[in-house]
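The first chain written gets the first letter, and so on, giving A, B, C and D; residue counts start at 1 in each chain.
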Amino acid sequence: MGKNKRPQRIGILTAGGDCPGINAAIRGIGKTAIVKYGMEVIGISDGFLGLINKEYLTLTESSLSGILTLGGTILGTSREKPFKNSKNKKEISKPALMIEHYEQLGLDCLVCIGGNGTLKTAHLLSQAGLNIVGIPKTIDNDVWGTDVTFGFDSAVNIATEAIDRLHSTANSHKRIMVIELMGHNAGWLALFSGVAGGGDVILIPEIPYDEDVIKEYLLKRAHENKPYSIVVVAEGIKIPSKEKSSGNYIARKINELTGLETRVTVLGYIQRGGSPSPMDRILASKFGATAANMIASRDFGKMVAQKNGEITSVPLSEVAGKTRLVEQNNDLVVRSREMGTCFGI
Amino acid sequence: MGKNKRPQRIGILTAGGDCPGINAAIRGIGKTAIVKYGMEVIGISDGFLGLINKEYLTLTESSLSGILTLGGTILGTSREKPFKNSKNKKEISKPALMIEHYEQLGLDCLVCIGGNGTLKTAHLLSQAGLNIVGIPKTIDNDVWGTDVTFGFDSAVNIATEAIDRLHSTANSHKRIMVIELMGHNAGWLALFSGVAGGGDVILIPEIPYDEDVIKEYLLKRAHENKPYSIVVVAEGIKIPSKEKSSGNYIARKINELTGLETRVTVLGYIQRGGSPSPMDRILASKFGATAANMIASRDFGKMVAQKNGEITSVPLSEVAGKTRLVEQNNDLVVRSREMGTCFGI
Amino acid sequence: MGKNKRPQRIGILTAGGDCPGINAAIRGIGKTAIVKYGMEVIGISDGFLGLINKEYLTLTESSLSGILTLGGTILGTSREKPFKNSKNKKEISKPALMIEHYEQLGLDCLVCIGGNGTLKTAHLLSQAGLNIVGIPKTIDNDVWGTDVTFGFDSAVNIATEAIDRLHSTANSHKRIMVIELMGHNAGWLALFSGVAGGGDVILIPEIPYDEDVIKEYLLKRAHENKPYSIVVVAEGIKIPSKEKSSGNYIARKINELTGLETRVTVLGYIQRGGSPSPMDRILASKFGATAANMIASRDFGKMVAQKNGEITSVPLSEVAGKTRLVEQNNDLVVRSREMGTCFGI
Amino acid sequence: MGKNKRPQRIGILTAGGDCPGINAAIRGIGKTAIVKYGMEVIGISDGFLGLINKEYLTLTESSLSGILTLGGTILGTSREKPFKNSKNKKEISKPALMIEHYEQLGLDCLVCIGGNGTLKTAHLLSQAGLNIVGIPKTIDNDVWGTDVTFGFDSAVNIATEAIDRLHSTANSHKRIMVIELMGHNAGWLALFSGVAGGGDVILIPEIPYDEDVIKEYLLKRAHENKPYSIVVVAEGIKIPSKEKSSGNYIARKINELTGLETRVTVLGYIQRGGSPSPMDRILASKFGATAANMIASRDFGKMVAQKNGEITSVPLSEVAGKTRLVEQNNDLVVRSREMGTCFGI
């Protein structure tokens, strides 16, 4: 393959946990690559597993039609981490297989759509010599180098709607309702949904909490005749090692400390499913189209990103292995605290 | 108080778990009582607790305005069961207090809005000589004597939307997704949501399940290259006594028996919250208005009901202490089985 | 073909305006026919037009998978009325062509899914000797012989959500908001959505309205400091012949008569689109499965129906050419009037 | 009043068209002002009209509770433009009255929440010597000086959901569906919703359209067997002066030029109503809290804004009288065009 020729054939894979907007991104890459650049586009099945096993399908304009609004990923995904334990006794390692298949498929570039784990693998493939473009996607919003990932807005919508629903039950029963939201080690989803849902207490991994502060805050509300409280808890907050669920732990602890009737909801997988929100469809489409443009200008080894409201790109080497957490002086944390929200501290 | 005079002053209370549509029912009673009959209406706070403690507020036409679409109950609710442990050492028992306060408040009738527990208490109060009208409400749809309760349609909407969301994740990851829904000892919510959401396996308390049947069914689907399966589980199905969650148990069991990757979601309290569905608003309004008409014609000791599509009423004595379960030859079960759905048997 | 043998090959067509739930019905017929009875199933394209032109596709279990939640119809539809103007100069009339193609396709039965127009044509085909089963579908809920049609519940949800949205604008601006809803000559959609959405005035074709009554009612509300009013208008109410839109007419008239600021929304096609509601998915699935059972027992010339909460069937001859309207003493009308709603009379 | 003392008493008014998020902004200002700064807060009724007529109410922490999720504005609004025709024959002009009442109420600052018209008036009041802070709100997203206004995200959600619904009907009937969206002279809402909803043709005021281009594009789609097309039209596009609705005009024109069956929906007021989206609640809360902080530091004569993802402020003098339109080289326009969307040119 000539190093400087216009790419003619590209592959797309989606890896890690699914989230709303992936199909919109696939469509964005594919439509731009086909309509604007006349490239051939193939979809690799089930993340890196499909490249290891050489399983794929051809994507045409018509196979991209109607997927803009579809949740999940039409390519399938997997949690396969090919560079982990890859130095095994097999004759040929997974990374070597992937490179071999990339060549056999005649790819000029591979677009990797995924979260932190995926982008780390994408960087290693880039270092191994493949032409790679990364696209960040996750409901956790924790990818370094971009202000936002698609999937996040949809998840905030779902989680906020759930919190909205808890208000009526909390109010009718004068209870404390605790809800545990996803987000891994980052508090973005709990922070945004918690503020949008009018959470009284919001606990996120980035801000260590003091159980006595929470206790005093909730008892003060009860004494002021505020009949109920909503407590939003990120799954990743620090809890005793023997505990399994941050929501269950906090709910039990609150009940013990305050004596107030407390119930817990662990929202679970519905936070990741369903049709993407309009803004996620737009962001994913822009990310996808931008990736196609980067490929056309041979701008490899980078991840598409949004910074300060502008679409841009960052080197994968800067992104790989990092996690973007909520800063201590995050604007939304500061504003909410001024309005009376308790962050457990 | 003359036994046959037109009722002039009525009370309303809401007891047991909250559900969407209670406020629409309160509005239906109140507006009809005030506009059509010129009655006075008071709202008792927090279920039977409010009658025990004589806590109440006056409901006017303007205080009923805008509550049609509101979730929960503006009157508050509680789980207080006044006839249980009522023979205590106190000078005066809870039932006696309730009767005393009913008289002091000058009530000609008390409308009790609630589920099976509430209607049982309502019957006991009726037997004790109070003028009572019951209105069935519950997301569980398990009140004897009525084909449907308000709250159910809203809960089916929420649960089905959750199942819809699981499809995309299940498909992307080729997983079995188990979802546990509410319903107490009845399977109505799991049955309706399971069918509406395209559940492959639906387990309800009324139909004993055989784990081997489920195993074979899921493995057959996997072998036929159906990439994923959705398993809908009612909270009330029989599980080993040491287990706490039917969803968690079934998910673990499926994984053990089939080796297929399985995830579980316990949907929880959001099934009870939020604005009622249009059909629940209509049903609750009709139930409420009918209750007011029954009061005006001194038709006491009964519960408003819907049978064969018509609004009617049944004696509380027929309702109290019973639960309406899914029949073995339920039309929806039979039809779904013919279409290939597995009920674990 | 033997007259009494078990049907082996059936066709399905969908005609008239689309509505949510059609695909669920197709799936219900197809899955039951294939799984339970081992029949072959073909889908005729674009309503009766596809039978005239012999355009069709084979439906397998896998082509029925995933369509439960899909709006519209995977078979396409058309407004073709083959018996109208069929006595033309062509060598062969449309009905004759349809019968010829029915025979050529080796069909043992044709399932016609549609509203009043479709069911009339279905009846004529039945009279012409074809084995026909009809399934009622329409957002208008106006098919004679059934208490409810699928599509209606979904449309009520959409229309009610729209009315809910108007409340906040009406309240903020102290305006009268008029909304025109679909329904052809029937008022079901306006009645149900109007009640569920808390409409102050509800105008339907079945109840003649007096403009002075509306004027007095709205002025009384304004004088009582009720800051705004919602007026729900069915498209089919009687308006002067030169007027095009009932909503526009009523809004202009109200403004002229009361001097109150008035705005109008004509909700339009969104009432027919999108994923069916859970209850519509269930009803359509049951209707479809029942149709397959009727075919298996050669129970032809009938339409599937729901009466008094039970699935049943009625002869097409009883259904054809009739429209089910809101009765003058309809329970919901009476109850709403008692609660203070104005029906313009 | 001392010029440099810490403000102690502030007023809030909301003017112009209502939109989702106004109450969240009121809550944001009020909670921060009360909790953090101990200020008194009053709400002026019905926009500038309330200041002219000295109609207002006191806002306490408890009156701000529960309004985060509420659509519309609890303060009411009006289209009153007090500086227009203010030089009348009355003894005292409207602006003079407003200034007099501002003084009488003992206000240290007036927060004006509104769109372009409101912010223009706010600037004139600022020039007249009042302490003013402006907050931009509108579903049109057309306020100069800020990258985004609250209300916009909610409107995009509603409009996109409507377009989603049209797809199923368009597909079932093989029609062209035209939808007219709001936005005044700006195309933001049509652009974002059009892209998110997968619109094939998007017409906005900022990009002049050529009817022949649209015709060719739609006919090409029809010839390529794409069975239907969605056309999204901003209300503000240029149409012949005798035409009233851009959607109706374009639909008729497309039908004339292509002969393809075409239907139109004018979405109307539902775009402005209902509960704000989570992101609008967050943005409005941040804008509100920031306004309170600006007041505390006597940073008057400015409008709160978001630029490049950061909350900031701009002088009202820069904002007043300008409109923010979609730039010709807008990123989303360019990307969408590359993916094949037609902008009529």
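Heads up, the rule we're going with is that contacts are C-beta pairs under 8 Å (C-beta built on N, C-alpha and C of every residue); 3 or more make two chains touch, one makes a residue touch a chain.
Because the structure is a prediction, the values reported are computed rather than measured.
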*Which one of C-D, B-C or A-B makes the same contacts as A-D, at least in over half of the residue pairs?*
B-C
*With chain centres taken as the means of their Cα atoms, state the distance from chain A to chain C in Å.*
41
*Between chain C and chain D, what is the gap in Å from one C-alpha centre to the other?*
36
_Residues of chain D touching at least two other chains_ = 164
*Which word fits the touch map of the chains here: line, ring, star, complete or other?*
ring
*Set of all touching chain pairs, with the criterion as stated earlier*: A-B, A-D, B-C, C-D
*asked:* Which residues of chain D touch chain C once you look at their complex with the stated criterion?
replied: 14, 17-18, 20, 22, 46, 70-73, 76-78, 158, 161-162, 164-169, 171-174, 177, 227, 263-270, 272-274
*Taking the complex as given, what residues does chain B use to touch chain C?*
27-28, 31-32, 35-36, 65-66, 68-69, 147, 153, 156-157, 160, 164, 192-193, 195-198, 226, 275, 277-279, 281-282, 285-286, 289-290, 292-293, 307-311, 331-332, 335-336, 338-340
